[in-house]
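Several structures are given next for inspection.
Each of the next two complexes has subunit A plus one other chain: subunit B in the first, subunit C in the second.
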Partner chain A sequence: MPSSFKHTLFIVLLLLAVFAVLPGVYQNHLLLFNFVIFLILAQGVNIIYGFTGYLPFGYVGFFGAGAYGFAIMVMHFQAPAALAVIVGGLVGVALGLLLTPLLRLSGAYFAIANLAASLAVLHFVANPALENITRGPYGVSLTGTFNPTLAYAAALVVLALTLGAVVYLKNSRFGLALQAVREDAVSASMAGVDVVRMRVIAWLASALVAGLAGGVYAWYLSVFYPDNVFSGDFSIFAIVFALFGGVATICGPIVGVIILYGIYNLIGFTTPQYFQLIYGLLIMGLVLFLPAGLVSLATRRGWHVP
Partner chain B sequence: MIYALVAGVLFGLYFSLVGIGLNLVFGVMRIVNLAHGDFLMLGAFVAFGVVTMVGIDPLFAVPLAFVIFLLVGLLLYWVLVPRLQGSVNPEMLSIILFFGLSQVIEAVMTIFFGTSERSIQSRALGTVFSTIKVKLFGGKPDSGGPIQIFGQGFPASWVIAAITSLIAIALVYLYLYRTRLGTLTRAVMSRRDEAFATGIDVDRVSAAAFGVGLGLAAVAGIFAPFMFGSVTPAFGADATVTSFAIVVLGSLGNPLGTALGGVVYGVCYMLVQTYLSSWADLLPYVLLIFILLLRPSGLLGRRVRVA
Partner chain C sequence: MSPDSAPILNVSKLVKRFGGFHALDGLSFHVLSGEILGLVGPNGSGKTTAINVISGLYAPDGGEVVLDGVSIGGVASHKLVHRGVNRTFQVPKPFLSLTVRQNIEVALAYGRAVGTPPEMAALLEQYRLTEVADRPAADLNNAQQKMLDLVRALATRPRLLLLDELAAGLNPTELDWIAGHIKALAQSGTAIIVVEHLMGFIEQITDRVIVMNAGKEIFEGKLAVAVRVPQVIEVFLGGEHAA
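Now for the complex of A and B:
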């Protein structure tokens, strides 16, 4: 049995099955939906950070752009929701294309420029001068397409797509080439890897995923403000979840989301500042003692983690 | 117009003080201190402490805050950085590590002080000057009214903050270019491994730079309540992004570059706010991206940051 098939069967299908069944058992559907969204975003961060080493500190830019792509399609073109979600994904890709020059920057500069880009998109969308296109800072309300059940199903489809992409990266020559570029771009290009093309493809794939997630999120919420969908928490949560589990693996981000977002929901709502304290300490401990994430506990013992 | 320009320069000088600590830390250690803004916020709280508990001019908080945070910086350095430098990708991980630190600081401050906005009467700043004036020259104590520059009135606190910033930047310049430790610091900035190979105690130099950087952030924080009106524990994150814009505008490892970056930023900010206020929020980010892409080394810099 090839390993890609095994991964699909045991991780992807299992996870999807669990999240498809849970709404029937567990009443808090919004919470489950948020879990799915963060699984998508953490895997999206995994695609770009885990496999290419670019830290997308403004990842939420694509997410928010996707949400607004969805909203504009529905508000101005009365598009059906599924089509609008796809357009949301395309808006994410378009923003990704616009930002490809940022890939020329290295290390922290990329992270900071990306953060600035996401804030620029936020202030652009929230600008009162564009009120008749984006409704500016006053938020959008899309009651016509409101359908949480379908939106949840769509989120699962996007999650399946994303996980499929990560399984592909983990098991293909393309993914190996990307990791080679991450480790040493010069040697990789010597070995015949088209560095720029590889990076751009991974970058756009990651943007597409976030855009689709944004579209689905807009569909599910149907009423939101720019500050909701461009909240920096999305980028940071996604990055921390992915890192906590361990990037460049399939399981890592999933484990990270389930553990950390679980803790967040247990204590985050009642006492946010204590959560913030624990969360900050967790992050610091993670970086200092487990920089390769939870999965490194297993890999250090020589176990193979997909 | 003149008002916007002068206010821009005053704010700009202050912004350079905000950015300069970050510049030192990033330049010397290649570590992104995302908690920079939170140290600013802590500095502001030192100022509150001095004003409310002792009731003296917050200017006295300047040396106090600097020394406290210098020591805090040295301590933090020894706890955090050696482990971080040993990891695979310290530059990226530092972003996340210091994000965690900023969360911790913010949470602790919220637990102890709540989320309410705090401000200090702007009259409190600079009372020491009027007291001295009264003692030496007699006359009435003036109540810190506006200071006249080019026929326009500006709050005295802005001018005092700008002057303090100038002094601080001059001191940093002297430290870097006129002392032995400063020369070593610049050596580490330009080539860390070569500096290590020549026998420079890189850890000691970096620790000093980290301490000075945090101390400067805290000093900048003392003036934050006067420049921005009020301060909450959550104020740190915005301040960090602004500081980055300024540091990148100037250039790494050059205090004069940061001063220039701060002034350019301040003037642009004031001009846009005066003439195109709905787009003013967009400015720092767009400016930051364009500078990074078009002139990756900053206004006064060497080329270091192209992938």
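Now for the complex of A and C:
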């Protein structure tokens, strides 16, 4: 095993162990759960943006679709929660498939079309005419499956799978080919890479991750409205966290979530009046001085960042 | 050089339009396995466009591209690569943030080279990239990036190789060196189309040239003959650059 791969494995396992132990010593379980959700979503953004260059401004669409996939399985089919989470992931993939034509767009056009698509899904789900299926704007209440402890454990499993996927991308020829596509799609095709197929696979993988995360989120909350699980904040936070730490690495998005979501919860609660200011300055500073994310502080020194 | 008689590529009446403008306007030619064909002509005469169509970047608007007797117009680039077509770019296009080694790895992994795949170490050595193998491609100078483009193509074992101004910017020693490599590739059976402005270089390596103007062929044959054809002379002297 190459040593960089061992380092990666160590970081990933440490992170999972810390989040497995923390609920025993720290009371605010909802906060821990939200950390895990953002760790998953930031890595999901990493898969599609870091490895292909598509910026998913409507990433929450998959998350919300996954949450409603979960809810519908539980409400209408009395499915066990674990199965409903898997269905949530598959609903995310199905939405991803439906949106594959967006991959023909580039840059800002893709980002905007993806945002519009997520709003369309929100309004579809929240449509009062669908009350019998989604409960429309009135929200869902899933008391039968309510079990925050298990839901938290499921979130950790999804995080482990997601990190596993990113570790694979970082260390496989497949991931290398994806990065080649991101760098120069024409050249990638001249290396024999099926560019369209690669992009679709990465897109669906990141949709799956968000769908699964939405599923466990619905499981944990049990009671929610369309606006809760389709909130644009999820997309923005996941993107900002991933970019802040640095995409196309495993550590970058992790560092981004821990620091930014940590600060968010620290100053957001204690001194909310300064929160927006500090947050805004941090992000501006980063974009201006470290466009490749915090990890570029290390890579610039020639250190290898897994 | 001993080209055998099987034409690997046949281009006939090829048309490529950009808007109303005909970049290729009925271009026809063929290349044999093991042959080095020069494609010359003034700037804007459609040489790069011809390469782009043959390598699957653009679908033709008319005419045919036939590889090994099968029409390939509109077939996706990566599929053509798997069928033995590859190319370099006039402005080299490496994967800038990947290392030189990783650049080549992608092509070795995805190029589906027929037979024993080329070896990384040998490719790096032959094209003088060993010393920079672990540096990002962005660190290379233009000539090195061109060599990397070439090595990426060679990693897929092409039977038809299209070189778009590979020699531009090389010094005379480097020119001799790369000419030797191109000839050796042809000797091993690869058909090679060379687009180049340096007539000395074209003279040194090609078996035959096609002179293009305004998307059409205006001459086909030996370069030594071409330079005495009034129409060819006029195109070059009237063009924006003298070859």
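One rule holds in what follows: the second predicted complex is superposed on the first by the 296 of 306 C-alpha atoms of A that agree within 3 Å, B and C clash if a C-alpha of one lies under 4 Å from a C-alpha of the other, contacts with A are read in each partner's own complex, and residues count from 1 in each chain.
We take it that contacts are C-beta pairs under 8 Å (C-beta built on N, C-alpha and C of every residue); 3 or more make two chains touch, one makes a residue touch a chain.
Everything numeric in this text was worked out from a predicted model, so none of it was measured.
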Practice problem: Give one word, clash or fit, describing how subunit B and subunit C relate on subunit A after superposing. | Solution: fit
Quiz item: After lining up the shared chain so the two structures overlap, which partner does A:Asp184 touch, if you call subunit B first and subunit C second: first, second, both or neither?
Solution: second
Exercise. Look at A:Ala113 in the shared chain and tell me whether it touches subunit B only, subunit C only, both, or neither; answer first, second, both or neither.
Key: first
Quiz item: Between the C-alpha centres of subunit B and subunit C, what angle is found at the C-alpha centre of subunit A, to the nearest 10 degrees?
Solution: 80
Exercise. For A:Ala79, decide between first (touching subunit B), second (touching subunit C), both and neither.
Key: neither
Exercise. Once the structures are superposed on A, label A:Leu176 by its partner contacts, choosing first (subunit B), second (subunit C), both or neither.
Key: second
Practice problem: Please provide the least distance in Å between a C-alpha atom of subunit B and a C-alpha atom of subunit C in the combined superposition. | Solution: 10
Practice problem: Could you pull out which subunit A residues touch subunit B in their complex? | Solution: 53, 55, 57, 101-113, 115-117, 119-120, 123-124, 127-129, 185, 232, 236, 239-240, 243, 273-277, 279-284, 286-289, 291-292
Practice problem: Write out the stretch or stretches of subunit B touching subunit A in their complex. | Solution: 26, 30, 32, 80, 83-84, 87-89, 91-97, 99-108, 110-111, 237, 241, 244-245, 248, 278-279, 281-282, 284-286, 288-289, 292-293, 296, 305-307
Exercise. Enumerate the contact residues on subunit A facing subunit C in the complex.
Key: 173, 176-177, 179-180, 183-184, 186-195
Quiz item: Hey, which residues of subunit C end up touching subunit A in the complex?
Solution: 55-57, 76-78, 81-82, 86-87, 89, 93-98, 102-103, 105-107, 109-112, 149, 152-153, 155-156
